[in-house]
Amino acid sequence: MTERNIQIESVGRLAVEDQGVEIVERKGLGHPDSICDGIAESVSRVLSNLYRERVGDVLHYNTDETQLVAGSAAPAFGGGEMLEPIYVLIVGRATKHYVTDDGIEHDLPVDSVALEAARDYLRETIPELEVGTDIVIDVRLGEGSGDLKDVFGEDGQVPMANDTSFGVGHAPLTETERIVLEAEQALNGRYAAKNPEVGPDIKIMGKREGDRIDLTVAVAMVDAYVEDMAAYQRAVDDVQTFVTDLAEGYTDREVHVEVNTADDYDEGAIYLTTTGTSAEMGDDGSVGRGNRSNGLITPNRPMSMEATSGKNPVNHIGKIYNLLSTEIAHTVVDEVDGIRDLRVRLLSQIGRPIDQPHVADVELVTESEVEVGDIEEDIAAIVDRELAAVTDITDRVIDGELRTF
Amino acid sequence: MTERNIQIESVGRLAVEDQGVEIVERKGLGHPDSICDGIAESVSRVLSNLYRERVGDVLHYNTDETQLVAGSAAPAFGGGEMLEPIYVLIVGRATKHYVTDDGIEHDLPVDSVALEAARDYLRETIPELEVGTDIVIDVRLGEGSGDLKDVFGEDGQVPMANDTSFGVGHAPLTETERIVLEAEQALNGRYAAKNPEVGPDIKIMGKREGDRIDLTVAVAMVDAYVEDMAAYQRAVDDVQTFVTDLAEGYTDREVHVEVNTADDYDEGAIYLTTTGTSAEMGDDGSVGRGNRSNGLITPNRPMSMEATSGKNPVNHIGKIYNLLSTEIAHTVVDEVDGIRDLRVRLLSQIGRPIDQPHVADVELVTESEVEVGDIEEDIAAIVDRELAAVTDITDRVIDGELRTF
Amino acid sequence: MTERNIQIESVGRLAVEDQGVEIVERKGLGHPDSICDGIAESVSRVLSNLYRERVGDVLHYNTDETQLVAGSAAPAFGGGEMLEPIYVLIVGRATKHYVTDDGIEHDLPVDSVALEAARDYLRETIPELEVGTDIVIDVRLGEGSGDLKDVFGEDGQVPMANDTSFGVGHAPLTETERIVLEAEQALNGRYAAKNPEVGPDIKIMGKREGDRIDLTVAVAMVDAYVEDMAAYQRAVDDVQTFVTDLAEGYTDREVHVEVNTADDYDEGAIYLTTTGTSAEMGDDGSVGRGNRSNGLITPNRPMSMEATSGKNPVNHIGKIYNLLSTEIAHTVVDEVDGIRDLRVRLLSQIGRPIDQPHVADVELVTESEVEVGDIEEDIAAIVDRELAAVTDITDRVIDGELRTF
Amino acid sequence: MTERNIQIESVGRLAVEDQGVEIVERKGLGHPDSICDGIAESVSRVLSNLYRERVGDVLHYNTDETQLVAGSAAPAFGGGEMLEPIYVLIVGRATKHYVTDDGIEHDLPVDSVALEAARDYLRETIPELEVGTDIVIDVRLGEGSGDLKDVFGEDGQVPMANDTSFGVGHAPLTETERIVLEAEQALNGRYAAKNPEVGPDIKIMGKREGDRIDLTVAVAMVDAYVEDMAAYQRAVDDVQTFVTDLAEGYTDREVHVEVNTADDYDEGAIYLTTTGTSAEMGDDGSVGRGNRSNGLITPNRPMSMEATSGKNPVNHIGKIYNLLSTEIAHTVVDEVDGIRDLRVRLLSQIGRPIDQPHVADVELVTESEVEVGDIEEDIAAIVDRELAAVTDITDRVIDGELRTF
């Protein structure tokens, strides 16, 4: 055991699963905020790889600020059209030059690979959106501050925290959390594969009161695959059935699902889009405004405000500590019996090595037959071990193994 | 009592004040994220007023997406200079035309007043930043979606929720929360008035472990008022003393304050700026990424991800419910004895009247001698009353009475 | 004969072909200014077609202001890379809505088709430039002024001039003019088809002093097709030979050709590019700054400053009168014998029908055996006839039959 | 006499003053194209001065590509308002760093001073336009190409031409040219000082047919100083009278002046603006699209297509040769008797010293009693002398002594 400041405590609360009211939200892949998260993280990974390939090491960068300005569109049954393009501005800092041992300065195609990463990401996740005409992507990546560059560790050393910040993670997921997460992924995955009218902009709000779960689902329908109002209604009903069935596979509680609640068929006011995302018509988006790094927004749980997507995975605490605390939470719950609900927080101080947080604190609810004192040491050991291996997070992020939103 | 769905519960937890580890953060006025929040909210208020003056009613708009792209600067003792301007893009939707009863269409100077509001706000809060040369402000306000416009209520009716979303509030503040909040405000207020070297970009991270409070303070010093390294060190020391004294006025706990921790005097790496904000050199910013509507980031408390700043105060739930739940929490704590810690959440469903949330749930910790059952009815009555008066929030926002960040 | 104000005169000068010094320049398709001209004109044509298809008539628009901001690149033998993208801003006015007889307003996808036209144009003319990553295209098309919209004629009427402006044309081409024009077209056409190292950014400056013609040719070589310095030198030599041969086919005068004069092989300073255009590295561009509508810059001839590309072909005098005067000049020279050199100018006055110029003046040099008085009437009749048929120009522009740069 | 290639010739033509039809145009200070020229040249001068002050020498830059995107406005008698701001993008290249002898790299505040220069220029020339709210100014100045930097001469050496290009100048001005030039300057000067309703966007088109001169004047009236339609008509009439009187002071020919020809009082369609420039409502602008460096557009004279404004005055031929040839033309006409009309052209070749043009050719019309042969040598001597002193042009440009548009 090292000298790391690790605190374990119980505050005596009910596990979230047992609380009276629970709220859980997920913004799907095509939501304007998620689009920004996805672009920011794609750009981040491609930059990490660029630096590794050319320089051997990740250089300073940060791309956690993509902004999306909505376009306008004229959707119509059978296929409408974009009127004004969506505008995306990739914002951040990146190192654009490096000097080799022979004293020669080399340029890095930072802007070009960023644009390429954004384009490739959009083509894959929002295929109805034609990059260059339906959506314009521009880039403003400045050079970073010299000071922050120095925070990067020497070869083999643990990097220093770039900021005074914290990350939060918890485990295990509650039923409502799993349902909300899985429903969006299933809709955007196997369901959309067979039902192309379902666009990627899906938002699910789950509310549990006691043993009743209400799911409010908003799905941007793609007009090219919806012939008329009857077809639209069928599409809505099919989603309702699918989500209900899926949810009932995860819970014995009572489940109610409503889809596209704001529709008014009489007025013809329905959620029809040309591209499958509300970004086509008035909904702007930003990095870090949507899902936390576990894929959810969970006001029954503490959350970090940090944008995980787009940050540098080497020393950006707002990224690393959110991902690591989530990993730790799941690992502890997997390895230690008797935990009903657990939260991990890691707090950095700028300039300290990232494996030495200012504090790592664990708050948990145990099963009734287990005392915190019985498992405290096991938990602390796991936290300590995971902190020692903090730099593994970097590699897993670059390899795309860890979700950031 | 109406039919509102109001839930009161205790989950048995410790009050935050009594928990072992507490983390509290505040980003000051000059932080890049706060700059964006401040501009977005200023633009919002000026648009509300424009609509009221010209049309008699607030029309549809949303300006909660300002993006700041950092500039670059060359600070120097005695006064440096900006090299590349900061770039701010005001993003959102606004109604730009209206038709009077005589059928004539009128234009509204939406973009112009937005730019004016942003400029005026910056001049007041970051006086060292010359608008137009140190910072370029541009605007992209599209026309909103027709559907959402219809959500606005008829005259006298309660508006419908524009989204399925939730707000969170809590009361009272803990000692650490009060200290973090007050310290930033005092530094940016009476302290800066006498010590012009203290720039508005102040960030305070508070950590409490048991009865020890650590405050990590970062202050962007303004180079024109700092002659040399000795003066810089004095400035840092003075801030340290001031914050320590202030904190000790709010608590009997042990207080430790560190200022500009990342400084390295030997390497000359210090937190010196030309304009008083890190936006001048590499730090980008965005609306809704910083403080919650109570002015703090509190990972011991549930938080909403919604950006409160910039949203329409008439029907934008992400704004109204965050502000209202905070108001309710403080009102309940003021009016009902025996509450140690209370959290209010309001969840909307798109299309429902905003005074009829999908659920209003209150979770609380009572003083040891008080049972939840004893005060449950009183609390519910207050929640009910405040929800009935929800539209008051709109006016108070427009009048600038409510903080949003 | 109508009442049109047609003036014919001789000012007694030498024909350009007989003057002592003649200068002729052409910027090829891939020159930054020509790129802007080409995009502007493509956008113009696609908008004309959009309006015709949807509304039945061309509505008000003007897109003659595309701006190109150069990128940066790192060319290298065998294939380099773009570092920072080129940025193109399509600027102008366009009508974005129209109302059908049933009172319903319809939207027009003006921005989207503009972006599409620009992309398609670039793919065809500068194939090495990947749109979206090597070059970012954005669009700012505002709504036009109401007054100018009214200038458009009623059905069947001749439109009114949108401005007080003039156009100039001349015929026939001199030897030097033909050589400069043909050499660029041949290089960018049949030569480049077989020699892919020749990029589309070709600039030719022709100077004739008496009977000696000097051609200074700049060709942006494409690095992917140039293996090393030896290959580069061969490519330069081949262009030199090709242009010399071509030129000698058009003249008996002495021809000297220099290619890529600024190269310095010793310093490795050569004209190597990754994309085939100098826009990749520092050379900005703009509409209307390059070739006149006859494809040349001819300081021995009067020229109009008007940008022909991108203007509305219905009533924009800066376009119609430049194209029409060039057409008239060639028609007169074809149909009337004895003309050695002829210039046509058409001057409009805002608000007058475009077939009634303020003045149409012809200045000419005759063959020695011909008097102006002998052919004056014939010329005037042709000018009158062509002015009466001015609206044909509109159709031919929209069909892409007329060169604008 | 040096080895400079100087050619003198007569082509036998009539002097422009004696030709049957003459056309002359000037776009006033507030015309969108002139605004761009003015900003570009202001930015250029401030950069030259910055480099001289900090580095001792002008470094490589080029800012000849400012683009203006029109705004929209709602003018009204007594004072209207801007709706959407004008957008100006300063485009170009500039050197942003330099290294002193001690090996230390210094940054130059290129973007900041460019923005400042643009703002100051606008405040002076278009005072009704509030910078930052009525007009947004942004800047994209890239780093230039290394090769071109090298073209700059060593200390004391004559710089090398940056391009293969030419400049044109002529003298003396014809009556019509003087009238057009003086009328705009008087209107924008002493007349506007007393008649604030006259905005700076003034365009004058002069046409002379034989001994009749028609002037078509367009003046953007400023709404705050025009109470009603009657006041507007008075303002128009007053300008008509003023220009007529002024013109008659320069000529004995018959003068006809029309002001704001496109007005239609019945329809209320008049040339009323809020800011004094048509850029507020639909008219875009660009550098180099308006007046040539002598302040006029003269289709009876050869012209250069080069934008003189914004170019580097050290080695940018498109600037230096246009200014120098105009200077030479006036000097020759001043010093040598018997010249009725004279044109000077200077053609460069990239990489040659700028005092050694590829050719300097003079074409002239003499008074009837003078033979070209009589004055040929005198003229050549003056051309030679002026070319030898070419670098004086650089200083005079930087000091603001030479008009560029």
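Should a chain be cited, it is by its letter among A, B, C and D, assigned in written order, with residues numbered from 1 in that chain.
FYI, a residue touches a chain if its C-beta (ideal position, glycine included) is under 8 Å from a C-beta of that chain, and two chains touch if they have at least 3 such contacts.
Everything numeric in this text was worked out from a predicted model, so none of it was measured.
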{"item": "Chain D and chain B - chains in contact with each", "value": "none"}
{"item": "Chain pair, A-C or C-D, that carries the greater number of C-beta contacts", "value": "C-D"}
{"item": "Distance-maximising chain from chain C - centres being C-alpha averages", "value": "B"}
{"item": "Rounded Å distance between chain B and chain C, as computed from the means of their C-alpha atoms", "value": "55"}
{"item": "Between chain D and chain C, distance of the C-alpha-averaged centres to the nearest whole Å", "value": "23"}
{"item": "Gap in Å, rounded to a whole number, between the CA centres of chain C and chain A", "value": "50"}
{"item": "Sequence positions of chain C contacting 2 or more other chains", "value": "72, 84, 87"}
{"item": "Which chain pairs touch, all of them", "value": "A-B, A-C, B-D, C-D"}
{"item": "Complex contacts: residues of chain C adjacent to chain D", "value": "7, 9, 11-14, 18-21, 23, 25, 62, 64-65, 67, 69-72, 84, 87, 89, 91-93, 140, 142-145, 147-148, 150-151, 164-166, 168, 203, 205, 207, 209, 214, 216, 218, 258, 261-262, 267, 269, 281-290, 292, 297, 299-305, 307, 345, 347, 349-351, 358-359, 361, 363"}
{"item": "Complex contacts: residues of chain C adjacent to chain A", "value": "72, 74, 81-85, 87, 96, 107-112, 115-116, 119, 131-134, 136-139"}
